[in-house]
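The structures considered in this document are given below.
Shared between the two complexes below is chain A, which has chain B as its partner in the first and chain C in the second.
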Partner chain A sequence: MTGGGLAAPAAGAAGRPSAWGGWPPATRTWLLRAGSIVAVLALWELGGRIPVSLTFPSFTATAAAFAGMLADGTFLRAYSETGGPLLVGVGLTAIGGVAAGLVMGLSPKAEWLGVPLFVILQAAPSAAIIPLITFIYGIGFAAKVFAVVLLSTPVIVLNSYRGIRNTPVSLIEMSEAFLASRWQRIWKVILPAASGLIFAGLRLGLAQGFTGAILAELLITPTGVGDLITFYRSQAEYDHMYASILSIILVASVSITLLQRLEGVLFRPELRSP
Partner chain B sequence: MTDAKAATDATAAPGPPVGADEPAVRVVELTKDYPGGVRALEGVTFDVPAGQLTTLIGPSGCGKTTTLKIVAGLIPATAGQVIVDGRRVTGPGPERAFVFQDFALLPWANVLRNVAFGLELRGVPRAEREATAREFIAKTNLTGFEHHYPHQLSGGMRQRVGLARALAVDADILLMDEPFASVDEQIRRAFQEDLLRLLSDARKTVMFVTHSIEEAVYVSDQIVILTRGPGRVSNAVRPEIARDGSPDEIRRSRGYLDAVEEIWGELRSYVEQDMQAPQQTGVAS
Partner chain C sequence: MKALACMSIVVLALTACGPAEPTGEGTAGPSAAEASDMVEGTIRVALGDIEGVETLNLLIALERVRERGIDVELTEFAEEDLAAEAVLGGQADVTLGAPYAVIQETGAPIRIICQLQTSRFFAIVDAEAYPDWQALDGETFTVHSRGSTTEAMALFVQQEEGIEFGEISYVSGAEVRATALLQGNVQATFLDIPAWNFVQEEAPDRFHELPLPDIPATDEAFVANVEWLAANPEVAQVLLEETLTTWNAIIEDPNFAAEERERLGLADDLEPELEEQIVPYFEQAAAEGVFATDCGGEDAARTDFEFYGLVGQVEGDPATLNVEDFWDLGPAEAALEAVGQ
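Right after this comes the complex of A and B.
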């Protein structure tokens, strides 16, 4: 134990300068990233093997469950169930929320009326409200959509509003001096200038929307991905439960990254140039 | 321009016919109060002769930029009026183009689109406006940088983009708000010469705000000196300088040195006030 413990760092220290020096920077970054992921997964594996708890599966068991659920179509079925309300909810909120933020950012009256409302909504414990949704919307598709909208709205609206309020005054004056119409000013100056904060809001809103959809499935209707978690927990199949949670993290990260790419394509080409 | 401004522009009363000696811009008894009761300008009156370069100079806070923005139609005057080509100004117009102190370039648009932006807003077709933009990119020595973004350019290059954008819309009157304020002194001198060369080709009327006495005298046909608290016209100086010499000859000529001395004489009392009240910013020269 002691011998091995001493040998490993010594080898690392001796090997590092020559090994690092030989790699181009891009490869080095890639190696560091891959290395950190491997390290976390190794710790997970170790924690599962000890085991830390009977409810904590190892990484390999989780990965096997993940592959199995992917192969037999469990994930596909669950995500087609969860994805519908999520897409409809986030889509509605994105359109309505950005529009509301735009109006509040441009009109002092709307700002006076709207901002406090969304600040309160953001501070409110929305998860506690979700079970109440059933009284109005029952337990179907509409209830899930409502849960997604409830959680994603405040951050999308408030970020859009802040982005639009922070448009540099000199750009607005410039568009006036060069005779922009009201719509040209909004479309060609204000929206691109605010796009950073708007898209940050959309990314956070999408993440909140995922939370809303899963909460609705856990608290209202046992369907989709939320139901997978509940079901496997009740069956004590913890490797499958963890695989379900992992899948949510993966899907959420990938969709948020895609949204970031979309912003670059739509509004900010300069962020992609060298 | 907003719809409201467009409507009032269309109904602006035509003034007297424009004669050969009619100034391009007349500033008449301009007064501006900001909210909170601060009076920025009071009874500011001067003419800007057509085809010439008129500079507004004065201590910080004397309302130079305010005057220029009222002429541009970007902010309304409390009282008084601005007459451009015989018409009262009620908003921005196609005959006036503005060059901003902080450049006001679109960070997400490349040089080509920024230079063509004024034409884009006017609905000029893409091929046509890009051809015009390339012409002014060449005139401002930016060829090769068409597809660069503002954050990839130096301060001097960004201001040349701002200048090219203003020239591209082919306005008769250029309004320049301390265009070289954020540029190094060496580049600034090269710029002043570029500006004079560009303007001698184009025969534009220019209103130029600066806080540099040397710059004002070097580039101007007429220098309007504003004083502070509230801003008033204290004097208008027309430097007697033969413009055919080299830049160094001009800077050593008697007319140049006399004009610098005369303006400094007008402004020095404000510097002395500021020295006694050091928390205020003084006039830079």
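Right after this comes the complex of A and C.
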């Protein structure tokens, strides 16, 4: 009984033709993903055609606006402005944040001093803080970089710190047994072991960085993509406004996916973040 | 139990026979509503601003509408655009703003019913670097955002003065631009009354005001849902009557705003330093002609078509655009007649 019961699913999976017509798992995954996207877009189109609100355009109208803005260089100009503070801010945070996480993970004093600070920073209402940046950093490039740093730092620092702290003790003991120096232990044992969480933090930090850059453009000086949103909203060109928002989602998603690919190239599968 | 019931009946009977309570606490202001002025109804107002010195006149007008028996629900939004969207979505009946683009682009069933305030900005520039408009030819000028009232003003100034700014840059919020001026990030911009006063207090001689042509374009207007207007003409009329009465009273005596605030208990959480700004602000605003006392009408609409057309908020030939496509002049005419103007 037990043996037959256990054998049944295996036989079914291997022998019976499934509802998917025997497509390979990878194809099925892609079909499911595509189906989910199509379903969301169909709902969007329906919502725009009803319409649920006069300010809510259909997907096709948004897609047409998107294509137009892509073709006439509007997006290129906007992202060349938004990209500067975003890249500088995320770059600074990636280097400084991982270093801060490393120090906090290795030194109890730094941990005691730093962790509460970054936990509070993570919980702080950033959108409320960003307008106050102007009082210190003015309205220029530095203010926008600071907004990116403000949002992306806590997640990068805390992930790095947790990665370092969670290094398996057996690995550290092994390095001690092999008489590794402190730097060798950090470079060859701790950092590779923490790389999964560090990269997860970098991915989340990049996403937060996008939010910081756009918030700064919406709340401080309307430039780049933030300006597109503000301008098209004031002109009641809601299809263009939604196209601008859609572009942010796409660019952020592509950037995060590229970072994930980079992680895949740099590290062994068991060290990659989930 | 019986004794309690008897006492209750006696109390109720005495209450019913007694004189009616006055609707307002005092009768000093022109707001004391008489029984014949009372109107039943509800109005949901979406305000794209926060309660403060600059919105005190509106709060007074709304409180006086309440005194006339109308249930006023006021909801504050972070921005005018959001407040306008609340009216489009049916969550509010009336908002403030000048949403020409929304009306024209979406064909939204909303109409402007009364101009409340005209645009009054001051062109504030570094006194040493820019003695006049000609000195700003080829220089950077900072405005609120693309397509904003202040950008329209900058373009208008270019036309009038025969100059061309080297670049028009954008910084949201007059208070942020004021801070940027003081920090040296911005050398020339438009400020509103409170922001200009702030800059003068902080750096009395560093900046000066360049003359601006008189541009009576709408800064704030009542915008109402068309269906609500059709179903509630009396409520709309009371709203405009009380607004016009309040505006006229402030122009006649700028202390009126502070007095009415005290009588009605409005904005009672204002900081002392902001309280001190109430009378000076309304004195200055009244002197500058900020408050529209005739709801603007067709002339205001035509001015707006030209002005907002400069930044693409209104598309088409200003001379041939149909006022009724954007405005409903009926409520204002009725209210002006009722208040004797």
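As a convention for this text, the second predicted complex is superposed on the first by the 248 of 274 C-alpha atoms of A that agree within 3 Å, B and C clash if a C-alpha of one lies under 4 Å from a C-alpha of the other, contacts with A are read in each partner's own complex, and residues count from 1 in each chain.
Just so we're on the same page, a contact is a pair of C-beta atoms (placed from the backbone, for glycine too) under 8 Å apart; a residue touches a chain by one contact, two chains touch by 3 or more.
Not measured: the values here are computed from a predicted model.
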Next on the checklist: Under the stated touch criterion, which partner chain does A:192 make contact with: chain B (first), chain C (second), both, or neither?
Outcome noted: first
Exercise. When the two structures are overlaid on chain A, which partner does A:170 contact: first (chain B), second (chain C), both, or neither?
Worked result: first
Review point. Should A:60 be classified as contacting the first partner (chain B), the second (chain C), both, or neither?
Key: neither
Report for A:267: first if it touches chain B alone, second if chain C alone, otherwise both or neither. first
For this session: Go through the superposed model and pick first if A:122 touches only chain B, second if only chain C, both, or neither.
Result: neither
Applying the document's definition of touch, where does A:184 land relative to chain B and chain C: first, second, both, or neither?
first
Within the complex, chain B is touched by chain A residues 168, 170-171, 173-182, 184, 188-189, 192, 195, 267-270, 273
Chain B contacts chain A in the complex at 1-3, 69, 72-74, 92-94, 96-98, 100, 102, 104, 106-110, 117-118, 120-122, 149-152, 165, 169
Seen from chain C, its contact residues with chain A in the complex are 81, 85, 88-89, 99, 101-102, 104-108, 145-148, 169-173, 176, 179-180, 183, 185-186, 312-313
Within the complex, chain C is touched by chain A residues 53-55, 131, 134-135, 138-140, 218-223, 227, 230-231, 233-238
